[in-house]
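Here the structure comes first, spelled out in structure tokens, and everything after it is commentary.
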Amino acid sequence: MTAILLISCPDRKGIVAAIATFLYEHGANILHADQHQDSESRLFLMRVEWDLEGFDLDAATFQAKFESIARQFSMTWEVAYSDRTPVLAIFVSSYLHCLADILHRHQTGELSCRIAVVISNHKQAESLARFHNVPFCYTPVTAATKLEVERRQRELLQQHSVNLIVLARYMQILSADFVGHYPRQIINVHHSFLPAFAGGRPYHAAFARGVKLIGSSSHYVTDVLDGGPIIEQDVIRVSHRDQVEDLIQKGRDLERIVLSRAVRWHLDHRILCYGNKTVIFD
Amino acid sequence: MTAILLISCPDRKGIVAAIATFLYEHGANILHADQHQDSESRLFLMRVEWDLEGFDLDAATFQAKFESIARQFSMTWEVAYSDRTPVLAIFVSSYLHCLADILHRHQTGELSCRIAVVISNHKQAESLARFHNVPFCYTPVTAATKLEVERRQRELLQQHSVNLIVLARYMQILSADFVGHYPRQIINVHHSFLPAFAGGRPYHAAFARGVKLIGSSSHYVTDVLDGGPIIEQDVIRVSHRDQVEDLIQKGRDLERIVLSRAVRWHLDHRILCYGNKTVIFD
Amino acid sequence: MTAILLISCPDRKGIVAAIATFLYEHGANILHADQHQDSESRLFLMRVEWDLEGFDLDAATFQAKFESIARQFSMTWEVAYSDRTPVLAIFVSSYLHCLADILHRHQTGELSCRIAVVISNHKQAESLARFHNVPFCYTPVTAATKLEVERRQRELLQQHSVNLIVLARYMQILSADFVGHYPRQIINVHHSFLPAFAGGRPYHAAFARGVKLIGSSSHYVTDVLDGGPIIEQDVIRVSHRDQVEDLIQKGRDLERIVLSRAVRWHLDHRILCYGNKTVIFD
Amino acid sequence: MTAILLISCPDRKGIVAAIATFLYEHGANILHADQHQDSESRLFLMRVEWDLEGFDLDAATFQAKFESIARQFSMTWEVAYSDRTPVLAIFVSSYLHCLADILHRHQTGELSCRIAVVISNHKQAESLARFHNVPFCYTPVTAATKLEVERRQRELLQQHSVNLIVLARYMQILSADFVGHYPRQIINVHHSFLPAFAGGRPYHAAFARGVKLIGSSSHYVTDVLDGGPIIEQDVIRVSHRDQVEDLIQKGRDLERIVLSRAVRWHLDHRILCYGNKTVIFD
């Protein structure tokens, strides 16, 4: 069992010494530590993971004791414990490749989480969800019912104590209100190399422009459409031989990979946001 | 010695049979042939290269005889002979990495051309050009003198019989008039993954957006800034550890590679433009 | 409905003219044509696909008529018709990621085939196969029963009229006798960048050597272990932060991608073998 | 001006606390710190860089004071100061692309070093070296004179106080004796994706095997041919259209990139060796 501490604060002397000494004095065996100084914004960002065996503070005491160091350095911080399994909800529409990928990776043991529910405005995903023993909730949406549906979806998320929402090619735009309730807890995959081809039908736009590589991006959702902090991107080569359908097919592999990396890094507490960017502690 | 034929025409039955039979009847030994049917625009595009040994038509006769086939299929076509060396002019400003790269590749034998002149609005490139025995022309530009300078540059290009202009990080925008004189004969490198971050300071824009890959694009220059047909693109991974300076440094390698590939493919007559796109016959 | 012709023969003048004229005279509308001259082995290799609408030869007549051209140029050739669906058998052991990937791609419509049977020496794959409505055959193997099991497997393949066998991380080495019955009809994925780390436990070997990229290769199976013609390879970057388990996890994505590409290209009749190599007509 | 400390030692509790506290107490402003725990070999490896402004220990005092911490944790360690410029010698034969690349990068400011001498068994490199104002030493080698030549080369290296030798496609195998004098101070580029195609003519071997990607590797030289710790590797896609000459040409770009990265990381003190592997603190 391990604990993971994520910290960001203004950069100044003595931060590492203070943290390392605190952890050492309480018997922590540090397994990984990674830090980053962003010279432009003068921020110090750190991830440290230690073995709880031999560590003499329980969660409540740690909270209280570490707070005094945190105050001293004006830290924003959070701690996670590996025995508290994160709970996922997956939103999906009618393209199932990302959903199938996440469910399979979960089964393989790649993703340290519980998948509580699959929520969809279509019925195609139902049998796949059931095959993986995940409850499926059908929530059809129209322009008229959107806010009411979102209210119901939020109830579902609360019932299941969800703390990460994965938009696995969910083709509805969530309202600013909905998004506001889950800051940095919603991960989306956009099927273009952002910021190129933001918005709808990016493969068609890429085809029309005649690009030689297509891409895919995973990002946290904010109230700016396709504008949140980018977590991961990848590309694949295309040529004049590829029609739009080929771009869509090649793109599916990219979407699965960039989305699943983002989800895994989030679950492993490897992502720190600052400004509109992410640090990935890999 | 070989000949290379580039053809585009409306797609219909019998084109390949007509061309192949024509070449065969005149004794051509086909070395490479590649064709592409663009199903969306219903275009047929082809590149065919044959050995001139045993071919019984000289350039003038070929022109006349092939024209009758071309008319029958409404072809746009051009033929190139490997013994007519293309002539290059390289435009550069103060960043020399692309220039150095092209000059070195030329020396290595990678580029089948003569480099007639290096033209620059700065003097930094002079010694490098001289080391490679290429004439250097210093043409400083101000807003006031721009049109006059372009007039002089065009004279230089004519004197040297230049048929390909390479903008190797030339930091001036050429006028529509200048560009109009060299359709599909000007290749530029833009230091972003177009269409993302078109315009100036793309590395700064990429840094601000927090992308996880940076790119570079080579393209033919048209009168739409950074909007011409894309020839080649490539990307490299960056992380939060990379500051703007690191992006610039990593980007230099991309710029050299995508520009040199574009130049080589152009010189080898591997590029066909249609609409605002390119076919690369590789 | 289309027909696809794959040809290889000694290179000489007139081949393209003869084929194109033949097809044209019988009303073929060529959709794609791609050819390759291997200058070292002096071989001509070609793939041509045409629309059968308006083509005036049925399969039997085509066979007879084309044979006279084929003889003239000493061609090895085969023709495939898009309405004759290839039949697959998938062999798998206890790692299911490649199997899950192929089944999902098949469902998505990426793979033009019928998956007739999943054959395994373990039982883990059973529920996944059943979920996709594919018959599952459990064929446990020991050193003593191997030949007998292979005999039974071959019966299964015959019953199902299988013409492509996919080894989706099947951890048994097939006998030379078995392999000999399916020349260029067995595709395997090897979890290394061949020829590096051929044989068992390649991720452990890669970790021990400290490589900075790991790879995966798909290839036709011959009687030389991991030595058959390579169809596709890909790599991913690793670092000192990756332990063997991370290599295995990253490698799974590579395995799925290189195997599925190989299967798709085979099904689309895009692969020609010559010597111990492949041409991929993409 | 900065100082960089590279440390490796058996992993145990308190190391980071000890180092961070020591640096903090002496006024260090840490700019970058990166650490790695190798769980298999139970090693702790660290790189820390700090600003010398405000640091109250000079080089000699630091050496003495830090030694007591080092002894306590059984550390292997070294410290580098950014104002002590490393001195390079480049060995080259008749292929000049890597040499040209390094000289150009040095001129661009990418490489923090002084290039003291270019040593070659051929004369082709002379004018290029002179253009960059680097002394050129012609040291032709035969089997009979090899040891004598190496003796003279080592004198040259000593005269120039060289502390990094870069083999930029130097086509001679250095003797174990020579190599033994420069442990982890000789960087070579091998034109294959090691361990595939170790030894001579790797492009020919890759062509014969029909691989779909070719690679290049930079590594420290040990007395095992092509067997030293790998620093960097990269690959590029090839196809049946590529003949051996195309592999060689594509490979040149890889060689330049993997060699230059290795040299830059070495010069920036980003590489730690352990066992036969490297950690790259990027």
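Letters A, B, C and D mark the chains as written, and numbering starts fresh at 1 in each.
Going forward, a contact is a pair of C-beta atoms (placed from the backbone, for glycine too) under 8 Å apart; a residue touches a chain by one contact, two chains touch by 3 or more.
What you are looking at is a predicted structure, and each value in this text was computed from that prediction instead of being measured.
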Task: Both-way neighbours, i.e. chains that touch chain D and touch chain C - done: A, B
TODO: Would you identify the chain whose Cα-based centre sits farthest away from the centre of chain B?
DONE: A
- [ ] Quick one: report the Å distance separating chain A from chain B, using the average Cα coordinate of each chain.
- [x] 42
TODO: Using mean C-alpha positions as chain centres, tell me how far chain A is from chain C in Å, no decimals.
DONE: 36
Task: Contacts with 2+ other chains: residues of chain A - done: 239, 241
- [ ] Going by the contact rule at the top, pick out the chain C residues touching chain A in the complex.
- [x] 96-97, 100, 104, 108, 110, 127, 131, 239, 241, 249, 252-253, 257, 282
- [ ] Going by the contact rule at the top, pick out the chain C residues touching chain D in the complex.
- [x] 36, 38-40, 193-197, 209-213, 215, 217, 229-235, 239-241, 243, 275-280
Open item on the list: List the residues on chain A that touch chain D in their complex, please.
Closed with: 13-14, 16-17, 20-21, 23-24, 27-35, 37, 237
